[in-house]
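What follows is a pair of complexes built around chain A, which joins chain B in one and chain C in the other.
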Partner chain A sequence: MARKDRPIGAIARAGYARAAGLIPMMLFLVVFFIGPLLVNFSQSFAGPGTMFREYRRIFTDGYYLLVIFQTVLLGCAVTIGCLVLGYPLGMAIARASGRLKAALMFAVVAPLLVNVVVRSFGWMVILGNQGVVNWIGSALGLAPLELMYTWWGITIALVHVLLPFMALSIASVLEGIDPRLEEAAKVLGANAFNALRLVLLPLSFEGIVTGSILVFTATVGSFVTIMLLGNASTMVLPLLIYQQLTVVSDWAFAAAMGTTLLVLVATLLWVQARFMRPGWRQARTV
Partner chain B sequence: MKRIANVTAVAALCAMTLSGPLAFGATDKPDKIVVTAFGGVWAESVKKNYASCFEKKTGVKVEVVTGESAEWLNKIRANPDHSPIDVVTLSELDSLRAGREGLLSKMTTSEVPNLAQVPAQFHVPWGDLGVSSTYGPMGIMYNSEKISDPPKSWKDLIDGIAAGKYGKKVAWPSGTYAWGPPFIWFIAQQYGGDVNVAFDKLKAMKPYVVKFWETPVDALNLFATKQVDILAYWDGRSYAFINKGNPWAKFYIPEPNGMTSLVLFSKVKSAPPIAWEYINCVLSPEAQVGNAEMIRYPGTNKTVAYPADLKKDFTPFERVVVPPYDQIIEKIPSWVERWNKEMR
Partner chain C sequence: MSRGLLAYSIGIVVFLAAPIVIVVGVAFTSADFVSFPPTGVSLRWFKRVISDPEFLGPLWNSAKLGVTSTFVSLALAVPAALALVRHRFRLGAAIQAFMLSPLSLPTIILAVGLLFFVARIGLAGTFLALVAGHAVITVPYVLRTVLAVYSGVNREVEEAATVLGAGPFRAFWHITLPLIMPGVLAGAIFSFLLSFDEVPVALLLSAPDTTTLPVSILSYLVYNYDPAVAAVSALQVAVIFVLLLVLERTFGLQRVMFTSSNK
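And then the complex of A and B:
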């Protein structure tokens, strides 16, 4: 029976049944996601002194504002790095087949199979003053590079581990694009660059946005890699939270920083989501 | 606003405890007690030396849970009346915090007879709410191929580093490492106790420090790969590295002494009385020797006689200093903040 022929009561009952199916998932979210967030939020008011004291401390101190800025900047830098490397990689995966595809997929996912501490120590061996990079550089007569304990080293290590999220997001979208569209663009006179710019990039935009969201959120939540490969000048919000919990034991301040980080990420995700709206994109491509 | 915050916290906690673990019943002789241990060889030693002693004496099983101090303190705080842990091992500061929050039981020699053999500095500062089973001071591990005559005192060492005498080949604990703030206190003591001087000295050292390390593994990596020639490091970990075929590395405690780290064992208030026997086992001479053989840190029981190969690597009681944690605990937030802002 077609939906329009069914009585309204039956449609409502079917709707309720579907909604009831969501109850276990909603309960799970309330207990394990909303609940801890509420606990964290309430904890940020549990410290001594006036209301919003911890938030005032964050937003009126130049140091903490700088750390917030550095956290966002690192997130953007790693996202751009992953995009630049991940797009061609995603394209290669999307266009490969058989064993080559499987090999590429494994190569991309491999960094995720290694523990974060072990991976960071690997980067120390590669990027250190006496590491592989500087060893090759000195063999070529180049001046030594200061990569360890700098933003460069941290960015390289994070791009390495988060690249799969970008490459696979883009690959999955590219796989769904009809290759004849690119061929048609070339037949109509577009060179390879213009075919990429005018056809592939707009069509794979959702993969780019998805990958960017995943990489950005993972970066602004990272602290182990930053702690091992950075120093006191490469401070980010998650590392400050870790300090407050493990060394200072100031739970209220840590909770306030956690809430700040959450709001920051949510706001940036909202901005990114607006980029995905078809109306916004059409207005700029017409 | 605080009321709203409290109501939301209670509501959220109610929701969360729906799936929480069942409370452990505190009876005189339970089926098992739950104790904590740091991972790796620490946990192996706890099972082999402490748990086996307790099980043999009481017939009660021991469940060893691994993790770290802050995590265990949080678990006790979350459920103080029915703690999921009976005997907890906490860092010096976390033990003070737990004691101040009324989470721990005070011990006496009638409950823990072996406590009488432990010097006061390892339990009295914590009001007998915790006792350390081991101690291990921070000293200097250095590359003897590069430095033949290391400075005798901390003061000479720090001034030498700040003057660039050893080049940029030094690794030093960060002020944000778990024992970083107490070590800032220790540096201050070398200059009359003024923390401002300690920060000035650390800032002067900074150009010659490859890294202010955050984790011991991170630090050892720098030394083992010879990126640094001088490493301020724990004695047990240093000797473990030296004895693993690295004779070029040497370790010593500069004058006048070394700041020690402790691991404080406490009976959680809601734990059954039989848990005292576990702490008594921890402090027993047999368990202390067994533990020292495995983790290479000396025990705090002064009656213990160690085999010669262990004894040569152990720093005597007289050469270690326990920072006054009860005095510096309030200053730690400002020292950490100062470190973050000034050592960038």
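And then the complex of A and C:
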């Protein structure tokens, strides 16, 4: 009987040993991920004065409201830019095959892994007053463009940084769509635009939402690109947090702005989770 | 693929490559200032950079930090992935979502929180604080790649080993680990690259003697604007490309990048 028991018992014991494998990562994340977020939250109440003083400062001062508004607006602009440029790119990745696909993947993923500092420096060289754009422009007899230290320059650079995320999110959804659906639409008389509008776009909606949320949250949290390509007039929330920490040393205020940014991002992710409920898409397609 | 789409893709690839190609181009200039197209070709800025302790120290720090946080991530994520795939947890999906959630959080928020946190527990300015911060960022990636590979592994192979008398560690070492190796390797390389590139956490948590390479490039760039930055950037680009080619060979880029949206 003992012999018969042994293997099954061993499998069960191995199962418990495996279940315990969850513990180290769980503990680590609770301490070093949840811990800092909680400390940040409590720090935002640690300043002198009345309760919620820091939050009242953020939401009653015109300047801070402007900074929040600019942050959200930049997030929207970069998301739209990435969507417009990224959808066809995602389509190209999904449809390519063999070596062309590998090459395309490499070209899209490689920039993603090059440091943001390096890429922003590249954009400084391109967009600067004596930069590549104006060098080409002057050769063509055009008036010099002011792109450095403007929202235009920042938006272009951020679209460059985040475009791969959008293209890959869209490509991964498009790959799962049967190409015959689009062909069927065309056979039944839809032109290319209508086939895209009525067949591909609704089916790839999930990829669009995933990519957009990814790009938006990354934009409202990015600060290296804006630090290098912007100036005091292009202030955003992450940069303001950094300044409050390093220049002004107002920890409570920085923490309150950090919490504000966190709530902004968390709200979006919550909306995404609601939108992505399994039943939702079916309800729409009926 | 239609001609129009192909032409468009080529245009976008040029756009994506432009700033990187230009930085590498500027690095080979012989001029004293940043200019493109470069005026004359020389290696003088590379020579300056590889003898400059201002960059060499941070390069060493970055490498050390990348390797350490990668090993920490592996030690945490591999057992967690095994547990998530093979054990039926009541809240399995929720646990997995929580473990991947650092991916969705802007790192600046984590960096600010960590800054306050390590100050309270007396780790401010230490290498350990940097490792913890980077491991929070990299561990979900390792978890993701290992999960992707391990969910395709047939559990009967492991059960056979156990039935035949192998203990849990022996079964892991001889059976499971070789099977999940592609995921482990891809996760490790990805994790190293992420740590090697990371700015917000390193910027806020590092002390002068633990500064990382991207942070030192950033602060150099804020005060100086000369081709030395381009040369050190070009060296970094070279490191990343070599690792990326290894990643493509061992695992396939597509699998690393696409596993995210399926989870």
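Throughout what follows, the second predicted complex is superposed on the first by the 239 of 286 C-alpha atoms of A that agree within 3 Å, B and C clash if a C-alpha of one lies under 4 Å from a C-alpha of the other, contacts with A are read in each partner's own complex, and residues count from 1 in each chain.
In this section, a residue touches a chain if its C-beta (ideal position, glycine included) is under 8 Å from a C-beta of that chain, and two chains touch if they have at least 3 such contacts.
Since the structure is predicted, the reported quantities are computational estimates derived from the model, not experimental observations.
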Three-chain arrangement built on chain A, chain B and chain C clash or fit: clash
First (chain B), second (chain C), both or neither touched by A:Val109: second
Dominant toucher of chain A (residue count), chain B or chain C: C
Chain B versus chain C as contact partner of A:Ala77, first or second or both or neither: neither
Which of chain B and chain C A:Val209 touches, first, second, both or neither: neither
Partner chain(s) touched by A:Ile177 [first = chain B, second = chain C, both, neither]: neither
Partner chain in contact with A:Tyr63 - chain B first, chain C second, else both or neither: first
Partner chain(s) touched by A:Ala232 [first = chain B, second = chain C, both, neither]: first
Touched partner set for A:Gly35, first chain B, second chain C, both or neither: both
Which superposed partner A:Leu245 touches (first chain B, second chain C, both, neither): both
Chain B versus chain C as contact partner of A:Gln130, first or second or both or neither: both
Residues of chain A contacting chain B in one complex and chain C in the other: 35-36, 38-39, 43, 117, 121, 124-125, 130, 227-228, 245
Interfacial residue positions of chain A with respect to chain C in the complex: 7, 10-11, 13-15, 17-22, 24-26, 28-29, 32-33, 35-40, 43, 85, 88-89, 91-92, 95-96, 100-102, 104-111, 113-126, 130-132, 135, 157, 160, 163-164, 168-169, 171-173, 175, 207, 210, 217-218, 220-224, 227-228, 238, 241-242, 245, 251, 254-255, 258, 261-262, 265, 269
Complex interface listing, chain C residues touching chain A: 1, 5-6, 8-9, 12-13, 15-20, 22-23, 26, 34-37, 75-80, 82-84, 86-87, 89, 95, 98-99, 101-102, 104-110, 112-117, 120, 132-133, 135-136, 139, 143, 158-159, 162-163, 165, 168, 171, 193, 196-197, 199-200, 203-204, 214, 217-218, 221-222, 225, 229-230, 233, 236-237, 240-241, 243-244, 248, 253-254, 257-258, 260-262
Interface residues, chain A side, partner chain B - complex: 30-31, 34-36, 38-39, 41-43, 45-46, 51, 63, 117, 121, 124-125, 128-130, 149, 227-228, 231-233, 235, 240, 243, 245-250
Sites on chain B touched by chain A in the complex: 1-2, 5-6, 8-9, 11-13, 15-16, 18-19, 70, 93-94, 97, 174, 176-178, 180-181, 210-212, 214-215, 217-218, 221, 225-227, 332-333, 336, 339-341, 343-344
